[in-house]
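In the two complexes that follow, subunit A is the common piece, with subunit B as its partner first and subunit C second.
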Partner chain A sequence: MRAIRRLLASRSWRKFTSNRLAMASLGVIGLYLLVALLGFLGVIHREDTQVRVLPDQTPGFLEREGFTDRATDARWYLQRTRQRVDRALDDPEAYGRLMSELALAERTVIDVPLEEMARLLEAAEARMVEVDAALDVRDEVLDEQLEIDLALQRLERRRGMDPDERVARRAELLDERATVSARLPAADEAGIAAVERVKEAIAEFQPMPSGLDGLWYGVRTFLGSDAQGRSISMKALFSVRIAFQVGFVVAVISVIIGTLLGASAGFFGGWVDYLVMYLVSVLSSIPTLVLLGVLVYMFFGHPLFDNPAEHPGLALVPVYCAMCLTFWVSTCRVIRGEVLKIKSLEYVQAATSIGFGRLYILFKHVVPNTAHLMFINLSLLFIGAIKSEVILSFLGLGVKGQPSWGVMISQAKDDISVYFFWEVVTASALMFGLVLAFNVVSDALQDAFDPKHVS
Partner chain B sequence: MWAFILRRILTNVPVYFGALLLVFLALRVQDPVYQYLGQDAGPEQYEQLKRDMGLDAPLPLQFARYVGEAVTLNFQGDSWNQKGTSVGEILKRSVVPSLSITIPALFLSTLIGVFIALLAAYFRGRAPDSLLMIAAVLGMSISFLVYIIFGQFFFAAVPREAGWDVAPFAVQGYEPWIALGADAGLRPGRWVEYCMLPVMISVIVSMGYDTRFYRAVMVEETGRDYITTAVAKGATKPKIMFVHMLKNAMIPVITRVMSTLPFVVIGSILLEMYFGIPGMGREIITAIINKDFPLIQAFVAVFALIFIASVILTDVLYAIVDPRVRLS
Partner chain C sequence: MSDAPAPTPPSSESASPRPGAPPSGDAPGSSAVSGSGHARPPRTLEPILQVRHLTTRFRTDRGLVTAVDDVSFDVKPGETLGIVGESGCGKTVTSKSIMRLLPDHVTRYGEASEILYRGRNLLKAGQREMRQVRGNGIAMIFQEPMTSLNPVFTVGWQLEEALKYHTSLGRRDRRRRAIEMLKLVEIPNPEQRIDEYPHQLSGGMRQRVMIAIALCCEPDILIADEPTTALDVTIQAQILDLMNQLKERLDTAIILITHDLGVVAQVCDRVQVMYAGRVIESGDVMEIFHRPRHPYTTALLESIPKRGARQHGARLPTIPGIVPSLWELPEGCRFQERCPYKQQACVDEEPELVTDPDGHARRCHFPLNMPADLTVGGTS
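This part shows the complex of A and B:
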């Protein structure tokens, strides 16, 4: 504690706090921490990331869907309601359960008798006829366009035609195509208006939530939904918690192990040094990702750690263990080097000559003077842990049974090919923000406390 | 000198065995046999398979077998996942695809990194320097996955799908571009198609880290006495930077390249996974996912050997440059 107080009073610390960019980044990290706390306090629960809130792959707030996509969405709402209402008509007992299945998080179905529900649904379906008519018009226009295009192609291929006639005919066809195409926007507009009317009718039996619930539903839906209709924003926000959990646990434990081993290796020398450096060499002679994979596998088979549905927290233990066993190495090297330097300083000699014990000197005088390096390494390992977690999860060796940025990216990587970017971009943008903030902070820490270091 | 080399080799032998033992023990915690059995296999089948896999022998004997293979580098055993293919064969055939990506990538990223670092050091403290360094931090903060996913999408998938005239890169896959035997020769076209995009992505990913490191090296070098001397004798700034400093800064540059050399062999795991390139990295990760022990063990043995060899080589090079190292 005194070491930290001394650190906070030092000139280097003032240099660090006067770095505006670093302070802004600390603010950003604070924001992320708040979101993570929401996750820890249960405001954003794991179940929030698993409920359906929208049709599959709905884009977020920035993207306006075209007419056909909107029509598909409206039809989706009608069909899932129709299925359940039909089943309820056969089996009135199950009505309550069937209607609760229809709920999209806060957006629940109104509580009315079955007959009333069927009537409302029929009203909505009746309005869908207009949408179908608009879709037919659209199809007609597209068919006509296609025919003209084919005629144009045939014209180009026909031989033995008078060039002037060909030019005239082509201009005629292009004109015709333009008039046909001009009908499309009007048809689409009418269609969109029809879809809006259907949506109003749907809102009669499944109203948009209002007030606080409405706000929360807005948070759930503003970034769209993934391939299973789950909220992307909830998944991404919950992942902040996972990232902090992994980053914090791994960074703290690795720094503690690294400092203890590195400091004792540097301070005691001899066989302790040999043993620690032996461990360090062994661990670094295996590629990190391979070592992480093997270690994760070693822990995963255990039933306690392999049951994310019941123990989502314990399912992360293999990841923690693998990373802690691998990451302490870098801290250990740095701390050992620093302790070797400190060991020969006067104050250590003075403490020895007064007659303090070696362990006392190590923990009272040597280790506290490496506090700045511990801080820098904490920040560096935090980034390392988050990045490795994402990569491991992407390869299927990391987080299981709950969303994390890596899981999100790996689930959504195939959506890219249909030009649906929302999930990948959300996950990577959030991750980018956090990693960038930590990078800036570690740079500033390094500048302030260890300016001679070559990174 | 020879005594020094011998000492370095001898001190590193236990490290090699340590790495082997670590992986061996980590893999013996879980029983992999069930993974390879069908749904309703009886205990006899279990015993049979266990014997076939060589897991029924006592642990010391299993480890002795492993060490025997690792020391002679002769991996005869079959892979569990790819039946009928020996581990040695898999290792051999996956080296070239890995190297055809990592070697150009290492070469290019070092070259470009040093050049940008020189530029940044030349403009130290001024706008170009800070812009370059901001770009480096931004580049470092973007996830490797993002580079891969969007790089593949925009440079390979979109041009193919949209039918552009120029669609030089394959979305996925690999075809050998070095032919041996009857029609020996190089097919650079195939290399461009299958390897160039991964190489470009790899260079861009490492750019942030490399430029920052090399710039720090250059900046440290500017404080040395010989620079002051050069300034005093009236040498121009470009001459100081590109002749005097570059030559002296080569030592840390070479050290860094040396330390990344072992990783050249394993290839870039993520790139190979995503682009479907049958290199070392992809083989090892699929082996871990499929619990293919012989392959994992062989791979770790080979990598540890290369890693230790490169460490010894670096030490020896240092000892040649700086004789004091030899005596410590």
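This part shows the complex of A and C:
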């Protein structure tokens, strides 16, 4: 407690808190931490990321503009309901089960007798006729437009025609095209209105949830859905937890290993130093990603650690192992250098001259003086681990059986060409925000708390 | 010839547990090179530390270099021994050899070297044995007060840590004792200062804290390696005063390493002058200051600015030349290049450290200022 009060009263703390960018970033990290906590507490559950909430590849808050896309969505709701209602008419026993299959997370189907459900569905389908009519009008207009366009092309190609006549004919065709095109907005507007009416009818048997459920459903659908209709926002938010889990575990273990080995190497010198630095050189001579890939690959097919269906928690162990085995190297090198410097300082000799043992001096007097490096390395490795996790997952070597930013990017990367960019952008933006905020904060921490600047 | 100021003999004698057995290093042949203590014992106090033929060599890229060559001296309880010399003459290496603070893998001690503390040879002691001696038996104050305290812990933490290691005091007692120690070294407002970090203290205060830490386990011997070099003059005087008081109060023997002859005159009982790894003169402080026998000591004393010297219109005398490199020591006397009294014998043969009958030892064929009742030093 006293230490905390002293920290809060210190100049370093004031220097840190007066850095606005750092404070904003700290707030951002706080938000991420909150989301990660929600993930750890099970509020955002792994299953939330696996249920269907919308039609496939819906853009969420961007809401599709076009009438045809909206019509397709509406038809999707009707068709899947029709399928199940038809099957229930054949097999009334299965009615309850079939209807519960229709639920889109909080948006469940109302509990009414089959006849009532069939009636509501038919009412909705009846309104779909208006939509179809609007679609027909639209098709007609488009056909006529196409014909006029073709006529225009033919006109340009025709040879031996009087220029005046060609000009007159062209103006005539363009006029015609304008009048035809003018019908399209009205038709689309009518169509959209018809779609809205269909949606109202659908809401009769599958109402939008209200209250807290409605809010939660809003969160789910906010960023749209992926290729299987799963909520992108849920996947992205659950990935925060995965990222923090991987980052924290890897950073803490790597810094502990790195500090122990680096401090021993620097302090004891001799064969300890030789051995540790040999390991460091060997590990840093291998490209990190290749090494990570190989280490993860060693666990492939393992009944415990490569079995996400049964042990989703253990599926991350290969990632932890691979990163801890490679990430301690940077910390080790930095700590060793610092310890080499510190051990020749007078206070270490003074501690020896008081009669303390070597191990005691190492851990009580030398290692605490490298604390600033440990903290900086902790934040750097946290970020490094998250980035590596994303890359590994993208390559299919990392997280399995649960979402992660890397998995999301990997799954959605092929769909960018059809303008389905929400998933990639969401995952990248969340990762970018976290990395940026962390870097800003760790820079500010170093500025404020490096003992060399303080004393 | 004044004697060492009397410490409190009865308490220290009863505190010394060793029965009167003389150290084994006191072999017949070594009396000529041994320190002055044996020739004319002023009291019956047993020396608490006996350094015999200490030779410290370092392994370097250019081969072995001898930093300290055949140094012998005794320290008795309550006595202050000054070790004086220019930079690089081996003062600090001597003190660090006693504490065994030199890195083991590059340091070689001579075969005849012995450092006897209460009869134990520290050069042969294992790590565990050394740890018992350090702090409890021999403590050390370092030259640089800025880096001698660990910056990440409070002053009190560092004091209490030493107490925790060496005493069986409880937590509260340790804190009370730490405050007492800070009071003892005259740090104002110790109750508040104890919770401050080293960077909140001034250089002089840090040096006092260092002294407090070194003294808190009540060592028999305190080695002070240039304790005042980094401090300004008024603080220097305070620190020296403090060390004098503490010596009298706690009956601690002090080995004071310095290049400042003024400091030596102020606090030391005996002085040992070193040059290029060798002891060249040792004896009573008044004797050395008034009648230095080695030309180097003489030159050193002459190069101190004196009050009134300006009226004579004289330039401040200096010692010409530089200390010889430890790799290229001359044959014969090591001071010959810079000595105004150099003769052929000085080039041919290095003089032994001869102890004159009055207990004053010098390493010179042709000593100066010999008292009339002593035969002027012929060699060998």
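Observations, loosely collected:
Assume the second predicted complex is superposed on the first by the 425 of 455 C-alpha atoms of A that agree within 3 Å, B and C clash if a C-alpha of one lies under 4 Å from a C-alpha of the other, contacts with A are read in each partner's own complex, and residues count from 1 in each chain.
Everything that follows uses one rule, which is that a residue touches a chain if its C-beta (ideal position, glycine included) is under 8 Å from a C-beta of that chain, and two chains touch if they have at least 3 such contacts.
Worth saying up front: this structure is predicted, and the values here are computed from it rather than measured.
After superposition onto subunit A, the partners subunit B and subunit C occupy separate space and fit alongside each other.
Panel annotation: after superposition on the shared chain A, the angle at the CA centre of subunit A between subunit B and subunit C (CA centres) reads 60 degrees, nearest 10. After overlaying the two complexes on the shared chain, residue contacts for A:358 are found with subunit C alone; subunit B is out of touch. More residues of subunit A are touched by B (comparison of subunit B with subunit C). By the document's definition of touching, of the two partners only subunit B reaches A:409; subunit C does not.
In the superposed model, A:289 lies in contact with subunit B only, and not with subunit C. Contacts of A:179 after superposition: neither subunit B nor subunit C is touched.
In the superposed model, A:301 lies in contact with subunit B only, and not with subunit C. For the pair subunit B and subunit C, the least inter-chain C-alpha distance in the overlaid model is 7 Å.
Residues 454-455 of subunit A lie at the contact with subunit B in one complex and at the contact with subunit C in the other.
Residue ranges on subunit C touching subunit A, taken from their complex, read 99, 101, 105, 127, 130-136, 138-140, 142-144, 147-153, 161-162, 165-166, 197-199, 210, 213-214, 217.
Every residue of subunit B that touches subunit A in the complex is listed here, in rising order: 12, 14-16, 18-19, 22-23, 26-27, 29-31, 137-138, 140-146, 149-150, 153, 157, 212-213, 216-217, 220, 252, 263, 266, 269-270, 273, 284-285, 288-289, 291, 296, 299-300, 303-304, 307-308, 311.
Across the complex, subunit A meets subunit C through its residues 269-270, 345-347, 349-358, 364-365, 368-369, 371, 451, 454-455. Of all residues in subunit A, only 278-279, 281-287, 289-290, 293-295, 297-301, 387, 390-391, 394-397, 406, 409, 413, 416-417, 424, 428, 431-432, 435-436, 439-440, 443, 454-455 touch subunit B in the complex they form.
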